[in-house]
Amino acid sequence: MAPGAVETGAVTSQIFPSDVQQTLDLVGIFVFALSGGLLAVRKNMDIFGICVLAEVTALGGGVMRDLVIGATPVAAFSNLGYFSTPLAAGLVVFFLHPQVERINRSVQTLDALGLGLFCVTGTAKAHDYGLGSVASVALGMVTAAGGGVMRDVLAQEIPSLLRWDREIYAVPALIGSATTAVLIAVDHLTAATGTTAALTAFLLRMFALKFGWR
Amino acid sequence: MAPGAVETGAVTSQIFPSDVQQTLDLVGIFVFALSGGLLAVRKNMDIFGICVLAEVTALGGGVMRDLVIGATPVAAFSNLGYFSTPLAAGLVVFFLHPQVERINRSVQTLDALGLGLFCVTGTAKAHDYGLGSVASVALGMVTAAGGGVMRDVLAQEIPSLLRWDREIYAVPALIGSATTAVLIAVDHLTAATGTTAALTAFLLRMFALKFGWR
Amino acid sequence: MAPGAVETGAVTSQIFPSDVQQTLDLVGIFVFALSGGLLAVRKNMDIFGICVLAEVTALGGGVMRDLVIGATPVAAFSNLGYFSTPLAAGLVVFFLHPQVERINRSVQTLDALGLGLFCVTGTAKAHDYGLGSVASVALGMVTAAGGGVMRDVLAQEIPSLLRWDREIYAVPALIGSATTAVLIAVDHLTAATGTTAALTAFLLRMFALKFGWR
């Protein structure tokens, strides 16, 4: 159990086997970092700017969540893998950004996977630290979308999350987080149901992209 | 006493009876949220952007204060009323924004009330957690004005707090916070004197609006 | 030892005698604050905006570091000197900004000194709180550069740290922080070696300015 976590009788944030969870986290972090790095390229930033935006995009949401719930030192800085993965993504973008741009559709798919995963694990972690259902849902959404908001603020853009002319991002995160909170409330959050919640958010986001839901 | 608070012999942040305090807090949060929602409308954001800006404006200052003093999980996420009130304000703005714009003067009046209230309670809460007088005054100002700064950053505007061509906002907050710190220092912070401090800040802000003090 | 710090057998962040360290900290804070105040002047802000930008620039990096490692209440608000120094710098800018602009080169020199000092002390403080080497280096850089990023965000500019057309700032901070982490790892961080690390970062930054390294 995480130090400082409130005893709730069960560790709900660890819904997958530890190594599966870690792998999924790193995949989500990597693709979020790619989106940050690509925006940096479009803004004519250099290698360092690319890496900073990659770090902020990938880890910002989780850092906000951990600060709010008081989980310090925050996970992003106490887990070496979390910290170094965005640097790797930044280097990939720097050397291969024409190729990465070309597979933008794939990046969006992976980003949607990260969205699905992080809204579920963010909600569960907030609940572990004693937050109520509504607050846990809010923090699940912060985990999934907060890094992207910080990315846009640093790059001097109106956060795409807040714009009406972009495909919906928050609603899938909301549904994924709320499903997770319900599953926790009825004591049925398992690897299977958690995956279902994450997939629901993922698919909603993919449909939004495909059909231009705004 | 809040968990984690330093024992100071008396709970100074609770200067009103609990239900009065809660009501005042919610009123302040609601009107701050209205101002966030209205800016979102002007920036052509959708219902979700409106609700996010309402949340950030209403709760941002208190969240910053709680993070700095180490009061986690922060109050905005552990009190359901604090969290859901901005959502209600966001819905009001979404469905009624022409009407809300028309009563803009009334919104500014309520916003000034929120300013007065939050600079007093923010200063008192910081003192409860063991901060010194000057730091408590600074955090009172952060509580009152921090949410507005975050609102403007997310909407890509220079924070109106920092602009010379807007009516003064910080000076009333400073005076309300400093009065509170003096009252705490001489051990005379009560519901009556706290209200006086809040009213002083409120009236200064109203005069600034009326006479265009900049 | 700071409350909450992990016992590491030695207090590494206190690498200079206490009064020397305090003096150096205040000098660094003062010059960082000058750079914030000058940007506020260029953006036509009033005395209050100048003081806010001075505070944010000077203390923002340290506040971010303290939040991430859980060192609350954060040092910037529990040490009166840290808080009041940027106010003094703000007043200096307000009354003397033509003169301060004229000695801009000197300000840049002092700013480079602050950069060198803060990347070293920031890295050491993060290590004191139990962070690993890579995370400590990252937090050293955050300490040195975070305030400048917050300054630029509030003033609605792309952070100069992220721009390719500005002299390098992050690389000197990275080298100063990394040197410090290595010194800690081999248990050789002393006043002498810490000063050397800080001077290395300082000189790299000065060369970057002189020769236009980008």
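Labels A, B and C are assigned to the chains in the order they are written; within every chain, residues are numbered from 1.
In this section, a residue touches a chain if its C-beta (ideal position, glycine included) is under 8 Å from a C-beta of that chain, and two chains touch if they have at least 3 such contacts.
All of these numbers come straight from a predicted model, not from anything done at the bench.
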Chain A on chain B, rotation in degrees - Cα superposition, rounded to nearest 5: 120
Interface composition of copies chain B and chain C: same or different, split at half: different
Computed distance of Cα centres, chain C from chain B, in Å: 30
Per-residue multi-chain contacts in chain B, two or more chains: 67, 70, 153, 156
Contact set on chain A toward chain C in their complex: 40, 43-46, 48-49, 52-53, 63, 67, 70, 72-74, 77-78, 80, 83-84, 153-156
Chain C residues within the chain A interface of the complex: 67-70, 126, 129-132, 134-135, 138-139, 149, 153, 156-159, 161-164, 168, 170-171, 214
